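Shared chain: subunit A. Partners: subunit B in the first complex, subunit C in the second.
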Partner chain A sequence: MLVNIDPSSRTTNRKIHNSLGLGLAPIGILILLIVPTLIPPYYSYLLATIFTTALLATSLNLVLGYGGLLHLHHGVFYGIGAYTVAIIMTKTSWPFALAVILGPILSAALAFVIGWFCVRLRGLYFGMLTLALGQLVWAIVYRWNALTNGDNGIHAIPVPDFLTSTSSVYYTTLLVLLLSLLILYKITKSPFGLTLLAARDNPVRSESLGINVKQHRLIAFVIAGFFAGVAGVLFVLLERSVAPSLLFWNKSAEILIMCLMGGLTVFLGPTLGAAILVLLSMIVGLYTEYWLLVLGLLLLILVLFLPQGILGYIYEKIKGRRQRGGSLDASN
Partner chain B sequence: MDIATLSSQLLIGLSRGMIFFIVAAGLTLIFGVLRITNFAHGSLYMLGAFAAYSVSTSLGHGHYGFWLALLVAPITVMILSLIIERGLLRFIYNRDHLTQMLLTYSLVLIAGDAVKIIWGSEYKSINIPEGLRGSISIWGASLPLYNAFLLLIGPLVALGLWLFLSKTHLGKICRATATDREMVDILGINSTRVFALVFALGGWLAGLGGTLIAPTTTVSMGMDANILIYAFLIVVIGGLGNIWGTLISSIIIGMGEAIGVLLIPSVSIILPYMIAGILLIFRPSGLLKSVW
Partner chain C sequence: MLQIEQLKKSFEGYQAIANANLSVPQGEVVAVIGPNGAGKSTLFNLITGHLTADSGSIRFQETDITQFTPHQICHHGIGRSFQLINIFSSLTVFENIQTAVLAKHRLDRKLFKPAKKLLKEETLEVLNSFGLVRYKDHLCSSLSYGDQKVLEIAIALGSKPKLLLLDEPTAGMSPDETNRIVQLIKRLSKDEGLTILLTEHDTDLVFDVAQKIMVLHQGETIAQGLPEDIRSDKSVQKAYLGEAEVC
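On to the complex of A and B.
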């Protein structure tokens, strides 16, 4: 049997810190519920964009942070979820509810197919195959004019009346995000999630303990694909249009940056990363057209000086202080 | 479709494969020795093309512009690579793949906007040099002379790399570093200098690829993204770090693309990815043995 020694898990001693920030969750949720009544609609839209992106980044982190797999092309599942809704709503007379359900399911199905091939590979080869197959999906979407409208994308996608106002979109995305985060959090805490961590940290030992590493990774991949599809559906609600650039690899790189920025080792890290990137791109966009340059410089600084991410860094500091306090107590 | 059309299309595909090879060879070299996935490789290629544009237009589109660009542009990119390696990369050699990738990806973002700032966002082009215009006929198939020139350059680069890696002292050190870096250090050879050398050589190859492609296409922003994915796929299909594997897979991808254009134009951009996907599924570790 092929043994998965994953070079990306070289930082094997990195732990997943789940608890951080969750204590503040009820207050945060309360604020988020009230906030749209106090701010202009544009900011509600911005927040809804953050919610959607946060879900996308968190779903990637199930594979990347928890699974330790170099998944380089997660944007594909996001795009397929969005395109499914777009195509059903513009080309068929099927009900909206069906479109919303089929979006994530098709994403998960695609994740199963791509994942089935990828989980047999290790490390960088895993990443390269996700890249190759993801770009294949992009190329199909880009070229299949009759179905996807090719380069132009699909615009003015009809949605039910109750989802046309900014505030209803806001509350929908918020609700879906919270529910999805809860489910994903439960998954990371479940025996399945812990096994996934074990397989990340020591695949060889996990195998010899009788754990089917590939199967666990495949399941994680499919779950991540599903929730990326959910995020894709939210994207359609928000923008009412889709374009093939959603599936191009640099979109996926952006998601990777969000995960790294917030911290791969903290459950809410990708959420923070998504919030920062969406806000920054908006703010920087006001002053200059060179947002990517700013992002590049930011990423450079991040990689060189804060590789554990913002939340990861904060957590390490808190933990370090606690440990120092603890050892003092022991010496007394 | 007659045989002549098919074979001329195949020859064009082959000549595109040569450019893929030159770019991918740099990537695979960096990969094999430094063990870094260099996302910025496509950007170096793009910078090579833009530098070539600047050099050749500074001579007023004259006859010698291209030849001077062929000399100067790759060297410019090589110097830039050296700065990147000494200034940034050498600090992250011990990090995981993701961190290394994202560092080089940050250079992709920076280079993309830098090109926009320096050269503007309109399309640019370089004339094919005087002596290489027109076309020749090979076994009844007509081939633009410039593509025939590429067909000569590709094998020359391959030969040069092979001679360098297997016959020179420095090349042998490079290969030794790829195989066992620690042992090289123990033997008193400064392996990080080897890293710098290899990264610079890789940058030179990327710049050369960019210069060579410039007369055949429009020089534009965004040319980094496409070549990068192709180069990655080629390197992985060929077997990481294996120059000959890279040559074979470059030819496969170049020809595959050309056949796709001829047979079913609407799916031609799908074909290289499909070939790569299938090959990776059946031979996950590449066609030839990787160096490590």
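On to the complex of A and C.
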């Protein structure tokens, strides 16, 4: 296993998550429903960008945090989802609904092909192959001018009239994010999710219990690819344009850092990581073009001082307080 | 129940298993003994599919399982515990057993059913029979060494095997903990009629629990039979004590 997870953190996080995180969820959703009526459209756009990125990061965490696999090029499925909608809407007369459905399906199909090769490898080799095959897909998109417009990308992608206003895009991305998070959450709590954790902890033992570890990992990879494709569709609604940079490796590195920043062992960790990184990139972008340099420094700080991520750290602190409270109660 | 014939396995020229032959009758406790490096763990890894044999055959209940993968072998009814503790460190004691029970019922790929209450009774039954039910919500890594060893065996039992392989079940245990495992093996054999194949360094334990013993030396079966026959076998004494002492 290459992604090391502290065994004690998950059970602790899960209990606190159930009592705190899910209890606060309805209030958070209510606030998000009201917010666009109180803020300028630009901030609604910014929030919609965070929703899209949060979905992308959470989908990666199914493979990275729950599966323990060093997936280094998740951005490629995001890009394929976005390009599918872009190409269908600009080069065919197919309906928008079909484009929206085909985006995630093609991403999942590509994830199946890439995953089929990758799950045969372990650790760093797994990561390097995802990176190599992902860059291969990027190169095809970059060079296939007739279909993808190459380096120029595709712009002014037509979308239905009801999805042209900032508020409608905001509510659509929010709805899709909530539905997707609910599905992903259910998956992590299902027998499949439990078995994925077991295979992450101990693949040899899992195999000896009758679990087909490769198959489990492939299914997780395909699900993650599907939801990355959904995020890609949301990106098109938001930006109405696509470019090969969506599939370039540095996009994937950003997503990976979002997961690390929020916490791999907490379901909502990648969502928090996405919110922080999107806001930070916007603020840094006002002062310098060297966003990647700032990103590198952030990664360094995370690895050295906050290896469990922000939410993981907060949950550990709450756990410490509860234990101290418990021991005080016991002594009284 | 299990038939091994002329099994061979080498690693880059080193013959770990040279010519192993073994027959495990249904309902018996069979022990594989031998000095360090005799090939006991390699033999277990070959039976459970974690290693692939160079030649020879392994038949389980009339099915040739020599080329099967570990998960296929488990579904045919062979469970195992490992020499070093091999549990799921980030899961609770309950989830460790539940993982095995879910896989046994082929429910491990269910995507939308909550795992929490699925096969709860069956999981608790296994925990109860091993005296682990009070620890069910504990993180398994917080258990004592002895309890982790018991959990190690309980996980293997969670998949309801017909044949249980125990690889040095008492390694690193105190006399009290060893006695607990001995009682457990006897109970599984007598009360539940489970067929058990075990490797063990503690020869007193082996002669106490086994109805049949196979002696492996330098990857080769040098003796096989009843405990009293093995005790008086010259070739076994030679393998264990060296030629000078026997003469």
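One rule holds in what follows: the second predicted complex is superposed on the first by the 302 of 332 C-alpha atoms of A that agree within 3 Å, B and C clash if a C-alpha of one lies under 4 Å from a C-alpha of the other, contacts with A are read in each partner's own complex, and residues count from 1 in each chain.
What we mean here is this: a residue touches a chain if its C-beta (ideal position, glycine included) is under 8 Å from a C-beta of that chain, and two chains touch if they have at least 3 such contacts.
This one's a predicted model, so the numbers in the text were calculated from it and none came from an experiment.
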| item | value |
| --- | --- |
| Subunit B versus subunit C as contact partner of A:Leu124, first or second or both or neither | first |
| A:Ile31 touches, of subunit B and subunit C: first, second, both or neither? | neither |
| Subunit B versus subunit C as contact partner of A:Ser190, first or second or both or neither | second |
| Partner contacting more residues of subunit A (subunit B vs subunit C) | B |
| Touched partner set for A:Ile283, first subunit B, second subunit C, both or neither | neither |
| Which superposed partner A:Leu179 touches (first subunit B, second subunit C, both, neither) | neither |
| On subunit A, the residue positions that both subunit B and subunit C contact, one per complex | 7-11 |
| Of all residues in subunit C, those that touch subunit A in their complex | 48-50, 69-71, 74-75, 79-80, 82, 86-92, 95-96, 98-100, 102-104, 106-116, 118, 139, 141-142, 155-156, 158-159 |
| Contact footprint of subunit B on subunit A as seen in their complex | 7-11, 64, 70, 72, 117, 120-121, 123-125, 127-129, 131-133, 135-136, 139-140, 142-143, 145, 248-250, 253, 256-257, 260, 290, 292-293, 295-300, 302-304, 307 |
| Subunit A residues touching subunit C - in the complex, by the definition given at the top | 5, 7-11, 186-187, 189-195, 197-198, 200-202, 204-213, 215-216, 219 |
| Contact footprint of subunit A on subunit B as seen in their complex | 37, 88, 91-92, 95-99, 101-103, 105-110, 112-114, 116-117, 225, 229, 232-233, 236, 240, 266-267, 269-270, 273-274, 276-277, 280-281, 284-285 |
